[in-house]
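Handing you this structure, nothing more for now.
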Amino acid sequence: MKTRIAWIAAFALLALLPGLPEPIGTAFHLELGAQVLTMAIFALSLQLLVGCTGLVSLGHAAYFGAAAYVVAMLAPQSEAGNGWWLLAASVGGAALLALLIGLLVMRTRGVYFIMVTLAFAQLVYFVVHDTSGFGGSDGAYIYFRPEFRLGGALLFDLQKPAHFYWFTLASCGLTVSGLGMVLRSRLGHAFAGIRHNEQRMRAAGFPTVAYKLASFVIAGGFAGLAGFLYAVRNGFVNPEILSWHQSGNALLMVILGGLGSLAGAMAGAVSFVLLSEWFQSLTKHWQLLMGGFIIGSVALLPHGLVGGFRALRRTRPAAREIAR
Amino acid sequence: MDLTTFLIQCLNSVQYGLLLFLVASGLTLIFGIMGVINLAHGSFYMVGAYMAFTLASLTGSFALALLLGLVLAVVFGYLLEWVFFSFLYEREHLQQVLMTYGLILVFEELRSLIVGDDVHGVAVPAWLAGGVPIGHDMSYPVYRLFISAVCLAVALGMYLLLKKTRLGMTIRAGSVNREMVQSLGVNITLLYRLVFAGGVALAVLAGMIAAPVSSVYPGMGAQVLIICFVVVVIGGIGSVKGALVAALLIGFVDTFGKVFWQQAAGALVYLLMAAILLWRPEGLFKPSQS
Amino acid sequence: MSFALEARGVTRRFGALAAVDGVSLALQQQRIHAVIGTNGAGKSTLVNLLSGELPLSAGQVLLHGQDISRWSQPRRAAAGLNRSYQRNNVFLPLSVRENCRLAAQARRPAPWKVWERAERCEYSNRIADEAMERCGLAAAGDRLAASLSHGQKRQLEVAMCLATQPRVVLLDEPLAGMGAEESQRMLALLRTLREDHAVLLIEHDMDAVFAVADTITVMVNGSVLASSLPEDVRRNPQVQHAYLGGEQEDADG
Amino acid sequence: MTRIRLTALALAALTAAAAHAQSDKIKVGLMLPYTGTYAALGTAIENGFKLYVEEQGGKLGGKTIEYFRVDDESDPSKAVENANKLVKRDNVDVLVGTVHSGVAMAMAKVAKDNNTLLIVPNAGADAITGPLCSPNIFRSSFSNWQPAYAMGLVAAERQKHKTAVTITWKYAAGDESVKGFKEGFESKGGKVLKELNVPFPNVEFQALLTEIAATKPEAVYAFFAGGGAVKFVKDYAAAGLKDKIPLYGPGFLTDGTLEAQGAAASGMLTTLHYGDDIATQKNKQFRLAYAKTYKLQPDVYAVQGYDAAQLLAAGIKAAAGDLTKRDAVVKGMEQAKLDSPRGAMTLSKAHNPVQDVYLRQVDGQSNKAISVAVKQLADPARGCKM
């Protein structure tokens, strides 16, 4: 219960950002906030797969990018598209792609699974990169941000940075509560069982391939949500959002933050994005600082930022280590 | 496509396959045998290429640059393992992924600081500069044949070392059960450090040997990284023979793919990997058959 | 009268070696059928074949008369054929109760009910508590499986097997590495199992086997040497020879 | 946790926002690649731009120039966010960038959405001054079509080739360049036998070199840049094709890469809107000033950066230093007659340079301009409805 209050408090504070006075509440910081939250959703979706089910995917950007491209291809060029329909189509499209690829990759294990997910993500990358219909290597535009109407009234005016920030924050809240609910449910406990000892889960009677596929599709869907938000915010999609670098970044955020916990994924995403922004503003050779930070965190924090943080205040033994 | 062109394309495939094996050989050792997921392998390859450029221009002779470069590489690998990797073996694989990603960023930036961002070339040594005339008034660069020879030598050397010598047996045993080998009185930490240094040296050697052909430019490391993992994984992790067969297979698929199916040439290698891993989820060869 | 579990000519080859060669045996409800044999006789392989972990090279496995030779392990487990493991194979980072609860959940997975919290699942918690009670782990519910003693882990293995509400139980050396007092408690448990299960017991501890088994099968080099009542097996010359190694044969060998 | 980090970053940006107050400064946002494969090009463009501003005494139209830099890492997936740093955080008056076409496309979108003045100093994507043309977007470099079309004419007319094969990476810039060459070559009776493509960024060319040898065209047109250009030219020579089938290409095949290519590039003919030894007073003076200031030899990218500054200066002068009068600035830049190191240059209706395209030959370490392939060539700006 304690952690739920912490989550609600954190999100309430974040909701205040647009209201803050000028130097902080500027349009740029709202865009930056939306960018960080979008990456957080992407990292959270991968955490369900890597940290909670033990399936390390190096191709998660395929679903992020697929959703973004669905929005780019379906959004009308002359006027704002219907938000609900585009959101459903992009998240559904990403989940469907995850189902198709998931069905194929579940036969492999361990490092081979990592490489097969990479292979399929690269296939999707080259299909998008080499077909002119998708805008080729230069990418494609989304001319108008979609609108979310409820009975004619405009629910969200995504043109305004504050509204868009709140929309992204709500999506992130939905992701955290949704994934939290799944992890606390029977399905989530089955994922944890598979992560710790898949052999024993099969011996108990769980069709583990079906469960792993469910985790793959749910993670793909939430990655699609992040892809949708990216496309709508930037109004521009490019094959590079499907590249293995994007998948690698998501994996790094999850490892950096700490495997297994949603807070870890959030912390990993926030620190990865904000630190690279901050280091870039300091020096031209910012990658040296970023590399140093990453190496330092591996050496000093074996369980990631949040894992390490938890270790510091280890008051009582983590009786039940089920991902909170 | 007449017969001559077909034969030349086959030669191209074999040559590209052997080059791929050489570039991936360091990874076969560090990732395949030692089980360390080393994303910084591309950076070592880049270090090799830049080392060939700087040493060749300093010493004036390519051969001398190679020798000097190899010695430096072993020392470089030894120190790297000691500082960054010695405490990672017990850790989860993903911690190695994070560490080596950090190393990529550091090496990329150090290269930019030390050598700058320009594109450089390394001259082919005079005695290897000629070309052998083959069909269609084309000529095949002698240096590429030299590279293929080096690749075969490395492949044979690795195969014999790992399969036929006691040291090789100890290394393979160490990768399967590190504690057991330690309890048998083998100084496994030193052995691992040497094997890691050997892996780094192989990657640097590949960079130096390929430099005259590949030329030396920023970001060259990232381009070879993925294909090296594909080679090691398709071949079967831990199998040297597998890596060689996989490299040749990719050589043929890539070469003939570019000629016959340009539209999908980029995706062919990944189509191949996906197909193989779905057919044999553990790669072509088991380590025991290596 | 169809048997609870029946193996007909069950065979498994690894290349040329037939680890299990044409083994036929039957389990009846409310009966403990023990399988004994020296190391490498193929006992564990047999359990892996019956539980579905290893595919058959030849032969048939029937559960209550139904041919399950092609079924996957999860499908067999869901049909009530469950096993425990010789080497501890539990969820070490999870608590003892969660280990048992997860095993119990396998029979009523209801994965689509994501809004319900697993901890509040009445069915799985009740079954888990029962299983822990039977195996003497009731007090250790909140402890992490990793922190248990070796004996307690063996008890947890059996508890998780029971938690899946099986009808046929395959126990792979449940007494291995147990102290005398813990062994006695395990034997008492085995006797209670007989009331509502068919039990296949793989064991080395001869006293335990002869104390609880209704029928005994002796395996040597992957095939059945003898299979009958405990007293007949004890007096069977071939069994003694296989176990104790005949002196005469070595003398004139 | 996250809130603290966001406010910390905000304070760092505080100082930048305050500087906006004085109005006698013009804020120029440089979004260029400072890391990755195009790092050298990014630096050259910035040097060229700053050189012109230094030559005017650090002021354009009486206003001092304040620079804001962002490293775009040639990564299109972060391009919109990077551009917003300059447009929304630093509130720059003019955005200058970039090299990579994908990133430039994103910058064009941000510029159109925020009505910010954008000067593209390199990316040659035809779309930027084609379907995406708009009053506030200018280009000081070229469209992929221009050098390629010129080489098509040269190959057919001057070199009298009847057949040719084209080869490039499979990406937008490559496709556009090959299309431009084919248009020029076939308009003068030439015939492109085959269009060969290599997946980007693959650099293994042997298979297609063999294909070229088998097809036996009279000429080969190749479009590559950076490391790919170096390797292709060296592989082409190593395969013994250099003397049998002449290799042509846009200037990027040999610009800034001659030191690495060595003898493999000697004698090669390329077309580009710049040549190292253009015998104009402006070019000599530019090369001297550049070499003195940066201890480097300037290349076409430095010229394009230099001209981006000239173009901006023309706009500022026309609006008498007041950038809020956007129409005056735009008209000033549209009618600018630049005395560029590449020669006289004006802007087409779609804001793309109308310039002489030189035929150059590689002689030792420099591309000697031996003649003008096409005089004042304008990009057709297909699809631009401005």
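Residue numbering begins at 1 within each chain, and the chains themselves are lettered A, B, C and D in the order written.
Criterion: a residue touches a chain if its C-beta (ideal position, glycine included) is under 8 Å from a C-beta of that chain, and two chains touch if they have at least 3 such contacts.
Note that the structure is predicted; figures quoted are calculated from it, not measured.
Colleague: Count of steps on the shortest touching-chain route from chain C to chain D?
Modeller: The distance in steps between these two chains is 2.
Colleague: Count of steps on the shortest touching-chain route from chain A to chain C?
Modeller: Tracing touching chains, the least step count from chain A to chain C comes to 1.
Colleague: Can you tell me which chain is nearest the middle of the complex, judged by mean CA position?
Modeller: Closest to the centre of all protein C-alpha atoms: chain A.
Colleague: Compute the distance, rounded to whole Å, between the mean C-alpha positions of chain B and chain D.
Modeller: Once rounded, the distance between the two centres reads 35 Å.
Colleague: Where the centres are mean C-alpha positions, what is the separation of chain B from chain C, in Å?
Modeller: 49
Colleague: Using the average of all C-alpha atoms in each chain as its centre, how far is it in Å between chain A and chain B?
Modeller: Result: the chain centres lie 33 Å from each other.
Colleague: Tell me, which residues of chain A touch at least two other chains?
Modeller: Residues 126, 129-130, 287 of chain A touch two or more partner chains.
Colleague: For chain C, jot down the residues that touch at least 2 other chains.
Modeller: None at all.
Colleague: In chain D, what residues contact two or more other chains?
Modeller: 35, 170, 199-200
Colleague: By the touch definition up top, name every chain pair that qualifies.
Modeller: Applying the touch criterion to every chain pair yields A-B, A-C, A-D, B-D.
Colleague: Report the residues of chain D in contact with chain B in the complex, numbered from low to high.
Modeller: By the definition above, chain D touches chain B via 35-37, 39-40, 43, 170, 196-204, 206-211, 213-214, 216, 226-227, 230-231, 234-235, 238-241, 244, 256-257, 259-262.
Colleague: Within the complex, which stretch of chain A touches chain C?
Modeller: 181-182, 184-190, 192-193, 196-197, 199-208, 211, 214, 317, 319-322
Colleague: Mind pulling up the chain C residues that touch chain A in the complex?
Modeller: Where chain C meets chain A, its residues are 51, 53, 72-75, 77-78, 82-83, 85, 89-95, 98, 101-103, 105-107, 109-119, 121, 124, 142, 144, 160, 163-164.
Colleague: Which residues, counting only chain A, touch chain B once they are in their complex?
Modeller: Interface residues on chain A, with respect to chain B: 50, 56, 104, 107-109, 111-112, 115-116, 118-120, 122-123, 126-127, 129-130, 244, 248, 251-252, 255-256, 259, 285, 287-288, 290-295, 297-299, 302.
Colleague: Quick one: which bits of chain B touch chain A in the complex? Just the residue numbers, please.
Modeller: These residues of chain B touch chain A: 37, 84, 87-88, 91-95, 97-99, 101-106, 108-110, 112-113, 226, 229-230, 233, 237, 263-264, 266-267, 270-271, 273-274, 277-278, 281-283.
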